[in-house]
Amino acid sequence: MTLDELNQLLQPLFPGLMGVRLTEATPERIVATMQVRADLCTTGRNLHGGAYMAFADTLGAVGTVLNLPPGARTTTIESKTNFLGAAPAGTLVSGESLPLHRGKTTMVWQTRISNEAGKLIAVVMQTQMVLPA
Amino acid sequence: MTLDELNQLLQPLFPGLMGVRLTEATPERIVATMQVRADLCTTGRNLHGGAYMAFADTLGAVGTVLNLPPGARTTTIESKTNFLGAAPAGTLVSGESLPLHRGKTTMVWQTRISNEAGKLIAVVMQTQMVLPA
Amino acid sequence: MTLDELNQLLQPLFPGLMGVRLTEATPERIVATMQVRADLCTTGRNLHGGAYMAFADTLGAVGTVLNLPPGARTTTIESKTNFLGAAPAGTLVSGESLPLHRGKTTMVWQTRISNEAGKLIAVVMQTQMVLPA
Amino acid sequence: MTLDELNQLLQPLFPGLMGVRLTEATPERIVATMQVRADLCTTGRNLHGGAYMAFADTLGAVGTVLNLPPGARTTTIESKTNFLGAAPAGTLVSGESLPLHRGKTTMVWQTRISNEAGKLIAVVMQTQMVLPA
């Protein structure tokens, strides 16, 4: 799948609702950006914790999909986030997801989210189950 | 704050975008529901993992707010989810968040999410920092 | 396996080194105690965070073993702990582990650890992979 | 504190019981090794999951201590481990812990554990609370 096709696929889904935009997607690395719209925020006009997690979950899942054998599917079985900083409304966040483990039954991806100033604002670790064809 | 005021407050924010609806909110227990709209799903027409996490994060944060001393604020510092089952598009999920720890500097909340059939589909543990006034 | 056989099996292993003592072990519930010896502590004469986690990991793994099909094995793939209170040297901690999910490929167990005063001092969630025979 | 003094301090405590040996300890990086003794193993003669976690917890806590203001103390408030591979009895594991966040109220450390072959076998993220003097 090309980057355009992936972004197209996500458009009607939750990542589309949030405005996640993949800018690089290979089996070794996923990169994306997201505009911190007011309707992605919590009180205080900062990105909602849930939006960080949904953004990262998307990247790790896409990364897994690009490593699946033909016909297989994947589902997130667990995800853990440490929040390290804020992202104010009107700015852009970016995320980079890298594989820590790509096995036959599970894959583990780590996503680092940075704010517009380049500061690391969250680290997410997630495990994807590989569901055979 | 009344339940209506809380729902009003969340309306223009990320929980509002997702359609989170608080149905009980006391310092001891937060309950909410969310319709599994197509635009909250991942491929395969099931609720996106990120939507589970954002839903739960909202409940734990609201629970913390209801326990804050005057003038204090809160932010999620970490959150961990185990995914145990699916929620298909068109159904309703519900969540119940209970405090495990309510201290002066941190609070820990556990949220259990169930699908329409009453099956437990996720458990979320999150830590909220209490930021003094 | 009987309770005595399980305790016997753990004796030469890490749980034996720590003094973990199973007092109930069924496929639905595992209960154990551990004496807070000085050599299980961190500075300040309180139980070391690692000892909480190793104690809980043992319970969740034993619980999984009691649910495995013949010939299958298990390994912990992830574990998350929230620490809620302290356990001073010379006291006894107890743990109860309950299954949240018992599937064909993974099981998820939650362990609650209490100190001698009956206060909840940690909650641990762990995922066990089921490795087929 | 020098490396020798730190190792001396840990000797009568849980890290001493396990044989954790710090080989580098600065405010920016903690490195340590541990021999996979038979009594640190689980069934199957591989390092017990709890021993991975206790090893990492030690490194992250030491790292935090080296960054504390005078008189302050620290305690682990949460820890999450992803297990990626095995460490057989008789081999050596090594761990490196790096700070992701060093704030006034919390610090977040990530520890990577490798087996003797140099393969990454676990990643641990932990949050330390800073308790003022």
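Letters are used for the chains, namely A, B, C and D, taken in the order the chains are written, and counting of residues starts over at 1 for each.
In the analysis below, a contact is a pair of C-beta atoms (placed from the backbone, for glycine too) under 8 Å apart; a residue touches a chain by one contact, two chains touch by 3 or more.
If you're wondering where the values come from, they're calculated on a predicted model, not measured in any experiment.
Considering the contact criterion stated above, the chains in touch with chain C and with chain D alike are A, B. A centroid comparison over C-alpha atoms places A as the chain most distant from chain C. Counting C-beta pairs in contact across B-C and across A-B shows that the higher total falls to A-B. Repeating the A-C interface, with the same residue numbers in over half of the contact pairs, is the pair B-D out of B-D, C-D or A-D. In whole angstrom, the spacing between the mean C-alpha positions of chain B and chain D is 33. Remark: chain B and chain C have CA centroids separated by 28 Å (rounded to whole angstrom).
In terms of their C-alpha centroids, the spacing between chain A and chain B amounts to 20 Å. Residue positions of chain C touching 2 or more other chains: 77-78, 80, 82, 127. Residues 77-78, 80, 105-106, 127, 129 of chain D are the ones touching chain B in the complex. Of all the residues in chain A, the ones that touch chain D in their complex are 80, 82, 84, 100-101, 108, 110, 120, 123, 125, 127. By the touch criterion given at the top, residues 9, 12-18, 38-44, 48-51, 53-58, 61, 73, 75-83, 86 of chain B touch chain A in their complex.
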